[in-house]
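What follows is a pair of complexes built around chain A, which joins chain B in one and chain C in the other.
Up next is the complex of A and B:
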């Protein structure tokens, strides 16, 4: 009887998670959240779009590092809480804007090695990982025909400024395949002008399909299902033997593995609790940054001659 | 014996570490005549010794290379190997050829160089023995 209860409870949690997952897919198309009752209510419609963003279900995309690592052995509620406090403290000192894998960022950080004690690196974000204070991202750029990647910790006190040059998403969660794509797909000029997205606009999705270089590759891309790779052209570099091996390594059952999804996600109730903690402060910080930006935009009008 | 040999796997199940060890091939990124020729021929230099205690080279380490039938020394100025945060990881293993006193053979470097190299080479410079300040001076761009 007890066992049945436990199983039922875990199954309901799993269902919530699956809903979340489905919704995550929908969210890339920027559909309004229907899970939350608040949004369905008529007065919620009058809320501005920036307010809607401060809905805990949306925030897990904007601030993914606030969600702890779902691995059960590593959970520690007190440490997580302390980390969240530290993260908010850091956020009050430096502007860490919203960005995604595929966005183009420029990081100004202090180093002891440079003459000016400062360095700036611009590149496309190819990976975001880690939780809490350990959250990191990898930037990639091709400078003088040589690909360069740098990993930064998001809450590193060395980071002086984090500029989002182009805010957009790609079709995949990680873009390590850019290492084996033609260099033009990861080449960005150092003096790129920042593109400002109008307020309340959905994040655009870049649907570029990259063309791969001939093998050898860093990984077996032909066995993966990345949407951002031009599969037809990639297959021209793949031998017959490798093509025959592709079906042997496919795992079509994984999308039905509810327990796997459950273990790799934080349940909705917990997410709500976590974001309820930091919600008001994050909102305040965002409003403050907006005000500062407007001020700066007013002080420095563009010269047209 | 044959059975034993059959049991040995002939494929790798882990990605390569990209360590620079003996027999690794490097890419010369300066404009020295010998380096340019070797790269143009498609026979890049091969490491025959790494001057470190571990035998694995990383940014700023000195290596001995076999290049066009000659032995030349070089400084690694950018590696493929996994790097800690804030330090650039390059797509190729770049090397600049030097002579015994640390002066580069070429007059120009074509690739960006990590900021970290400045500190490392400053520490390793010994007065009147090996002077790496010229190598830093000809580096065009730091990342």
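Up next is the complex of A and C:
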């Protein structure tokens, strides 16, 4: 009895430690649900010093591509610095606003082969990846009953305009499962009206649970733990044999793997240094964006005759 | 010791013992001496070595034994070093010494560039890869090579240069001299006295990396001359040399891209093996050069004809075409003008900085120099003109 008690106590200790670690140096990997609760949007107001520190730590969610790839053998401080300089140069030319996986974006880009030399594509962001200048995102929409996905490099100079039509988050970090969901979940009209979120509001989280199409699928979704899939309905498409295989592929120990967590994230101190370099410029750009947003939100009253 | 060996071999000849002793003294290796002794003595005197190490191939590092130096003395030694080589400084992102006037003597007379002259190369570190975009909107993937604190250490004119390994058709009137270039200044206490002595005539601190470049005599440089990224210009074509990543002992699938064998359908014990390695009959042996498992990587590899798309003058970084530069990130890469006959500069009006870039020519260099085809990221977004109706 005594022994069991001791073991249980030590286990809970480990769990607490893990949670602490997650809170401390978490950037990308941990489950998004826990992160969302903490997110407070950076405000345009002048912030006190302690607030600013907090703010610069929140930047990792708003501008994740400023953090370098944590793989140690690929890191070089000078390359990272040069990359950041180039990123800020590009940002001075085009407005690249804050958006998340699950937000609806419209990208206007120049295309050599289009008649008007420009194309506009609207879709839901289903993936954001890459660091530095190679940061990219994938937009998905269903047009004429055909699913279309386009990958854009965020810092590509061909991007003329990036409009956030609807700023929101989903329950997951990537939404590739929309490929195998019913088409209505990834269908958005191309002339969608932009929704402007009031200042200081937390980012809304869309808790839609998508219904999957019958198999065949792009991946083994029944083995994953995506929150945004309606699991009960999905399991109706899964055979008994596949259900038996689910526990074989589970890796419940991974959330306790502190070294894995450490290797796949940038330490807090380094994050602060990185954002200290670019914060002032980003803040200026943000203020500019706020001004333009206010202009857009204000509708000129019509003259009543 | 000779006695013990003789006893082991069962020898007691007095003559044998004498020869044996002399060989031991020469080579300092027991096994070698034992094999030497088994045959007849044919040579009179020691044979001339076919292979010699070059003169800069010296014992570099020393054993780091505890020297029991007091902290005050340690500080003093540091100060002496700073007095000799200048105070420590971070120059273009690299920690080094701030050597104010490295040139002891008058600089050599500047030659005039001709299509036949060969310039010095640079020692760089591969610091990563990232994309740029051309003016037509296409991504251009580049490798970033940072020139790491390069200085000329020594110049050997062609008459004095005696190569360590002569080729079969060795030209006696060899027309190329040798420039020894060092990169990354270090604390002299880390190295041996003889290694530090290599740099003393040039008034330089010891360098971590050395490189040798064949140059034509008109491109010779004064020892102590600093070399930077502006040695090249955007648009120039270069060759790079580096050591590939060490992958260890690998099988044929990874090393040579063999297909392996099926994973199932009755196949046992041979899924990743190479299969047959030779025929029978007259060719009944393994032919030389057959692709087999073995050590992969850690070999010197060349990549020729890479264009320089951009130069960062602040951090001395060259943005070189492509992702195939040998070696991993933070590995050493040597870079020099291309030797490809169709991509060499032949026009004298397009002569490169010769013998190297003179920093006193223009004071206010921009931080970034681009090839005209590249779209600088601080210029407005790319937009194509509409076709005329």
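Definition applied: the second predicted complex is superposed on the first by the 239 of 305 C-alpha atoms of A that agree within 3 Å, B and C clash if a C-alpha of one lies under 4 Å from a C-alpha of the other, contacts with A are read in each partner's own complex, and residues count from 1 in each chain.
Keep this in mind: a contact is a pair of C-beta atoms (placed from the backbone, for glycine too) under 8 Å apart; a residue touches a chain by one contact, two chains touch by 3 or more.
Since the structure is predicted, the reported quantities are computational estimates derived from the model, not experimental observations.
A.B. asks: Mind working out whether A:270 is in touch with chain B, chain C, both or neither, as first, second, both or neither?
C.D. replies: neither
A.B. asks: Considering only touches as defined above, state whether A:98 meets chain B (first), chain C (second), both or neither.
C.D. replies: neither
A.B. asks: Name the contact category of A:82: first (chain B only), second (chain C only), both, or neither.
C.D. replies: Touch status of A:82: second partner only.
A.B. asks: Between chain B (first) and chain C (second), which, if any, makes contact with A:74: first, second, both or neither?
C.D. replies: Second partner only, chain C.
A.B. asks: Answer with first, second, both or neither: which of chain B and chain C does A:218 touch in the superposed model?
C.D. replies: first
A.B. asks: Under the stated touch criterion, which partner chain does A:112 make contact with: chain B (first), chain C (second), both, or neither?
C.D. replies: In the superposition, A:112 touches chain B and chain C alike.
A.B. asks: Once chain A of both complexes is superposed, is A:155 in touch with chain B (first), chain C (second), both, or neither?
C.D. replies: second
A.B. asks: Is A:90 in contact with chain B, with chain C, with both, or with neither (first, second, both, neither)?
C.D. replies: second
A.B. asks: Following superposition on chain A, which residues of chain A contact chain B and also contact chain C?
C.D. replies: 111-112, 115, 153, 156, 158
A.B. asks: Give every residue of chain B touching chain A within the complex, in rising order.
C.D. replies: On the chain B side, the touching residues are 15, 78, 83-92, 94, 110-112, 114-119, 140-143.
A.B. asks: With touch defined as at the start, can you tell me which chain A residues reach chain B in the complex?
C.D. replies: These residues of chain A touch chain B: 109, 111-115, 119, 121, 136, 143-144, 146-153, 156, 158, 179, 218-219.
A.B. asks: Enumerate the contact residues on chain C facing chain A in the complex.
C.D. replies: Residues 93, 127-128, 130-131, 133, 136-137, 139, 144, 146, 312, 315, 317, 328-330, 375-387.
A.B. asks: In the complex of these two chains, what residues of chain A are touching chain C?
C.D. replies: Going by the criterion above, the answer is residues 73-83, 86, 89-90, 92-94, 110-112, 115-118, 132-134, 153, 155-160.
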